[in-house]
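Chain naming follows the written order as A, B, C, D and E, and within any one chain the residues start at number 1.
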Amino acid sequence: QQKTLVVPTLGGVWEQYWRSTVGPAFTKQTGAAVTLDVGNGRVWGANLRAAGAAKPPYSMVMTNEVFASGLRKEGFFEKLDLTKLSNYNDLYPLAKKTDGWGAIGAVSPIGIGYRTDLVKTKPKSWKDLWNNPEFKGKIGLYNFANSAGKMELLLFSKIFGKDQYDVDAGFAALQKLGSVIQVDFNMSTGLASGEIVVAPFDFGEIARLRRQGLPVDCVIPEEGMFMFDQTINILANAPEKELAYQYANFLLSPEVQGMMMKEFFISPTNSKVVVPADLKVDVPVSGADMDKILTWDWNFVNEKQGELAERWAKTIK
Amino acid sequence: MSKPFFTVYCLIIYAFLLAPIAVVVIASFNAGAFLTFPPQGLSFRWYLVFFNNEVFMRAIRTSLWIATLTMVISGIIGTMAAMFYVTHAGKLKETVRVAMLAPLLLPEVLTAISLLFFVYSVGLGTQNLVGMIVGHVLITLPFVFINVSASMESYDPAWSLAAQSLGAGRFTRFRRIMLPLIKPGVIGGCLFAFIISFDVFTISFMLKGVGMSTLPIQLFDYLRTNFTPEAAAVSTCSIVLTMAVVVISEKVLGLRIHRF
Amino acid sequence: MIVPPRKRFEPLLLIAPAAILLGVFLVLPYLNIVVMSFRMPGQGTPYGPGFTLGNYGKFFSDFFYVQQVINTLWIGFLTTFICLVLGYPVALQLARGASAFRALGYALVLSPLLVGIVIRSYGWTILLGNNGIINRTLTGWGLIDGPLPLMYNALGIIIALVHVFLPFMILPIMSAIQGIDPSLEAAARSLGASKVTSFRRITLPLSLPGIQAGCILVFVLSLSAYVTPSLIGGLRVKTMAVTVVDALIDTFQWPFGSALALMLSVTGAIFVVIFGRLTVMKWKA
Amino acid sequence: MTEVSIEKLTKDYGQGPAVNSISIRIAEGEFISLLGPSGCGKTTTLKMIAGFEDATAGAIRFDGRDVVHVPVEKRDIGMVFQNYALFPHMTVEKNLAFGLEMRKLPKDEIRTRIAKVLDMVQLTGYSERYPRQLSGGQQQRVALARALVIEPKILLLDEPLANLDAKLREEMRVFIRDLQRRVGITTVYVTHDQAEAMTMSDRVVVMFGGRIAQIGTPSDIYERPANLEVAEFVGQVNIIRGKVGNRVVSTAFGDVPVNGDFADGAELMLALRPEAVELLPINSGATGAPAKVLSSYYSGSLVDYRLELATGAVVNVQTFPRTRFADGDQVLVHAPADRFWPLGTVA
Amino acid sequence: MTEVSIEKLTKDYGQGPAVNSISIRIAEGEFISLLGPSGCGKTTTLKMIAGFEDATAGAIRFDGRDVVHVPVEKRDIGMVFQNYALFPHMTVEKNLAFGLEMRKLPKDEIRTRIAKVLDMVQLTGYSERYPRQLSGGQQQRVALARALVIEPKILLLDEPLANLDAKLREEMRVFIRDLQRRVGITTVYVTHDQAEAMTMSDRVVVMFGGRIAQIGTPSDIYERPANLEVAEFVGQVNIIRGKVGNRVVSTAFGDVPVNGDFADGAELMLALRPEAVELLPINSGATGAPAKVLSSYYSGSLVDYRLELATGAVVNVQTFPRTRFADGDQVLVHAPADRFWPLGTVA
């Protein structure tokens, strides 16, 4: 009897690609069927918590580290059995920062995206958001609910204060920024319509907008980038644990990482993948540059989540 | 109010109702790659993309099916509750009303989460559609209830009594006398139930079965990462579809009864 | 009164399905939530061990949240009032007007509901945005210098809410007006009332059940609306529902989120009851 | 005080004319009744005068002025609707106050006027009730009071007493008539009750099938009905046949002299009202034709008999129950010659 | 065929009893009328028998069986509502078919029965109309037809003819009575019209203020009314005063012998119906008391006079208009001694 693996995945282009390419390739390799469950970290987290750690509906999840770290703390995941993940060793150090509990399967670096036609002076530094009067009232920021929003706070804390923990400085900076357009997701429509002319943007998204003909570009700011990460985790009581490991290893393989790079312009986390010259513009970060991506103390954020969210809400205008 | 002024006033409101939708419809014919306005040239290209997108087609079918089921269940339960409320509730009237409105008064997210935990705790889980349909029924029930009870306020109980005196039992009285005479409220309530179920997001998002999807979820997930006019094309088609349901119900069932 | 047992019992069958549905799938699940609202906040988990009143204390002691309740109620009142003013004439026209356009009018009235909220908000952005059609047109005609702030504020939220909630106002009023015997207006006219007066003193009060239903629906819906305020309001105007959603599914503060949500619901229920009391129709049995 | 004139008024609801080219001229302060069988167009006529229904053709003038463009509320009418049309959301008092408030009367006067009219319709103590808490007849009285209390120029009453008992009806008639005379209100009174039309009206309009059959004073209508239909509608009639000879018709009742050009030997139909016939015991020795009692109908103050004459003809007779006859009794019938009127010859 | 018995039935809407402990026993196939002034509780009683209103106290039995537990639709009643309660969304035909369909009659029979009853109520040709397209009287006839066409065991009629003219009403009475007799339907007929109650009923129940004042046959009620109130309600009465002396009361009409224990010298009130009085020309030479005509009211078949007697007392008299007197005329009045009945002494 054929085994079935429930594969949680993001929607839209991700779902399409998983349906058309990733799923079938995995089936071909392992003979197991794939059921895609489209969603995001919030809903998978809610489902897992409702079901309880003992009877999870999934065998693995790939989601933002900020969600994953919370679930991990609550005991849903197991420490990875590295013997079953032959590709783990080839990952960049950035992708292995969870002490063997998870492995980052996809990285979308975030820099500053902007409209080349609506902005005269191109941004170079995050500080330009404060300093360039052209941006006033047309700056987009992710809200705090989005993991990017949390990173915005930590980044600004770091830039304007002592370190990522100096959130007083971060909030003070946000206060000074004045009125911004907050989005929960989908910064692109605002950018396309010109309501937003500059915002934190992941490079893959900018690449796709540019390929579709929108006059946009994106810079790596002087102070550094952050990223949308997607950490692969295996459920401690996974109904299909073997398949889950096979699938995790499959995702981390150079082949699949390369495919995702071509499709979504992510930065591959497997160091064996080389970005070809014609993709350099769309995938500007790879190799040694991967270490320039800033990472954060999610435990700090998770523990102070309520307080930070409230301060954010009180600060942003 | 003079008649022309009144007509113009209504036309302006209709225009207001239509405006953002018109924008979406126009955007769906965009030949360019973005949801931009005004569109860069006109074409049906995104409709073709949409029709060939099995994922969306499946989501639409799922949504239609769930909306229909929800409408029927909510319609029946809500109408019965409204009948109780108007004619039998007595001193409990205010209580019944607030209770029936509770699903609206309670934030949808919280209802979704509590229901999610509940279905898992009773072993139903989200492997099937029970949780989601229950959620849809909960959310749509107040709309049926409110519409039906408002239209029953002008129902003369003597009509039921007359039918009763002629030998009609409970169900016949309802089907042949009351239902036709409160039709606008029932149809209005059921249309609301259908449309809202077709459109409800949070409940579906939390309670959807593993591996399935409704149109709003599909659109939401799609729009997180895609910005093409395909979404507008999908929406336009769903407008046309639901409009058809509305116009057909008006034509077939008639939303007005001539009492006087 | 000599009421036979059967008669006392039978009407209960009408409410039974709703009572069971609400009892099993709303009340029972919510018991959990009520308990949740008294739990300790978690440290990196949804909730911690032990119980507290602190979640409610936080709500009442921080003006930030009280202010949100005020904002939310204010937006709710305005939205309801505007819906009533805009919707009533349309309801009247649908109920009493020529039949030729009724199907079309009906479909138009429902049309705001037919577009998913995200797409609808996109439509509003195109119309109301700083760079939107309205601002561009007005600037183009030289009527204004800079863009009018139509969006990312309470005005934008109210415009969008009024738009999507109008159907909930119009339909109940329409069916209430249909139930009014036109000979009552004739009687008023015969007693010397002008068209306007007979509308004001006869049709309007007799359509009160519809108005009441519509207002309650719109008010309650605007209290709990969160997608429109977050997309159109640009998250600048803080409303309770948005904060509740943030707390519950975005930042996993279940105890505080539950407390907030219950406060929101209780506030809504109180206003529904008050509104019911204010509009009580004594002429009814 | 208003003169109302109706000219060639017609109304067609789409199934043929409900009111068919009627013309009436109602003098200032006149009390006129529309009398006719159910469905003959009385309500429709009233509604056109009030302005609730547009006429299909014809004109309505108040004091010579065409009122097509005068809105209902400017016509200063008081109307009682056949189905009452009480405002369900107002108490009895509020219903009555409505028209007075429209006339901007001071609060005090409104209160006293309402108290007075409530007393007249015998509903003092009911002022705080809602219409649904009243019996049918009580509702009808409120409807009547609501129209009368405003003391309008024109009063349009559509069967305003149909649900009242004889005693109350009698009192209401007097009340209406007094007010109408005192204020000089031009009144159109719709009724199906010929006795009511007769006792109250200056003139009666008899309608059939949307047309006017006769307009005249009550005694005109009763004693000189325009045709058999009118005669039968406003009371009972017996048709008596007889042969003409020598300007006299010989009938079962004896010889009746007739005016009019009837050829000798022609068979003539004469009309005779049941109450014009006297009924006497067979052995009373009086003159009269013998007859047999077929059946009798007792209605309290009156008895209706069906009698068979010697000729086999059946006649109805109405008498007071001073002397009662049983079915099968032989009696004598007699009718004064001047109570017969000719209806025409038998074809 | 059902016997209906009501025991101590009471209904209180909250403002004091509308029906106050009434008991009636209606025999199988009996035709009984509830007669009484507006608001006396007729409709309420009917609704309790039908099962539409719960009684506050008391019992209703059909054939000895308490019907509290029998749902209305199982009681096999036919009811005409005072306000008709026609189904507004159904044509006349559909309204009539409804009850027959409930009885699962074959389509053919339904069609023929409807055609027949429509013919009886004279509405053939109106079957496709909606109620709103009918006149008041037409609606009432549909309501009547709808209740009759099912030929129920019990018929409850609430003022079913109030909006019909005399002729039609007469025909409807015959129609109802015929059907009722033929099928043997136990019937409760509510009316405010005493003549109607008298002519149609086996027995009449007179109600006042929620209580039964008298139950009896029509002539019982009219000729031996239980009290002045009943007497006045079912017809007009004159109160004539006189001094008792020698078992005789001397009145303005002359001496009237009385039965009963009245002390000599007591002042007694006697009742006399207006139609019992004969009116004669002053110079007719007959015996009688002289009187003066104050006013007269002409109602077609009858004339009502108000007369002033020599004593100053005012009496009402009803006569046929064979001889007419003008206001102010001097006349002679006479009434047979056996038409007076004593009401009691003056306090």
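Here is the rule we go by: a contact is a pair of C-beta atoms (placed from the backbone, for glycine too) under 8 Å apart; a residue touches a chain by one contact, two chains touch by 3 or more.
The model shown is predicted, which means the values in this text are computed figures rather than measured ones.
S.K.: Based on which chains touch which, give the shortest step count from chain C to chain D.
M.R.: Minimum step count, chain C to chain D: 1.
S.K.: Name the two chains that are joined by the greatest number of C-beta pairs in contact.
M.R.: Pair with the most C-beta pairs in contact: B-C.
S.K.: Using CA atom averages as chain centres, what separation in Å is found between chain A and chain B?
M.R.: Inter-chain centre distance comes to 36 Å.
S.K.: Go ahead and note the Å separation of the Cα centroids belonging to chain B and chain D.
M.R.: 57
S.K.: Averaging over Cα atoms per chain, report the distance between chain A and chain E in Å.
M.R.: About 91 Å separates the centre of chain A from that of chain E.
S.K.: Identify all positions of chain A at which a residue touches two or more other chains, and write them in rising order.
M.R.: Residues 46, 49, 189, 193 of chain A touch two or more partner chains.
S.K.: Could you pull out the residues of chain D that touch at least 2 other chains?
M.R.: If we look for residues of chain D contacting two or more partner chains, we find 83.
S.K.: Specify, in ascending order, the residues of chain C that touch 2 or more different other chains.
M.R.: Residue numbers touching two or more other chains: 122, 126, 181, 183, 249.
S.K.: Okay, in this complex, where on chain E does chain B touch?
M.R.: 50-52, 71-74, 76-79, 81, 83, 85-89, 98-99, 102-103, 130, 132, 146-147, 150, 156
S.K.: Which bits of chain C are touching chain B when the two form their complex?
M.R.: 11-12, 14-15, 17-19, 21-22, 25-26, 28-30, 32-33, 86-87, 89-90, 93, 95, 99, 102-120, 122-124, 126-127, 133, 163, 166-168, 171-172, 174-176, 178-183, 196, 209-210, 212-214, 216-217, 220-221, 223-224, 226-227, 241, 244-245, 248-249, 257-258, 261, 264-265, 268-269, 272-273, 276, 284
S.K.: State the interface residues of chain D toward chain E in the complex, per the touch definition above.
M.R.: 13, 15, 35-39, 42-44, 82-83, 133-138, 140-141, 158-159, 162-168, 192-195, 198-199, 218-219, 222, 232-236, 273-276, 297-302, 318, 320-322, 336, 339
S.K.: Show me the residue ranges of chain B that touch chain A in the complex, using the header's touch definition.
M.R.: Residues of chain B touching chain A: 32-37, 53, 55, 113, 116-117, 119-121, 125-127, 205-206, 210-211, 213, 217-218, 220-228.
S.K.: Using the touch rule from the top, collect the residues of chain B that touch chain C in their complex.
M.R.: Residues in contact with chain C: 1, 6-7, 9-10, 13-14, 16-24, 27, 35, 37, 76-78, 80-81, 83-85, 87-88, 94, 96-111, 113-115, 117-118, 134, 137-138, 141-143, 145-147, 149-151, 153-155, 182, 184-185, 188, 191-192, 195-196, 199, 201, 215-216, 219-220, 223, 231-232, 235, 238-239, 242-243, 246-247, 250-251, 255-257, 259-260.
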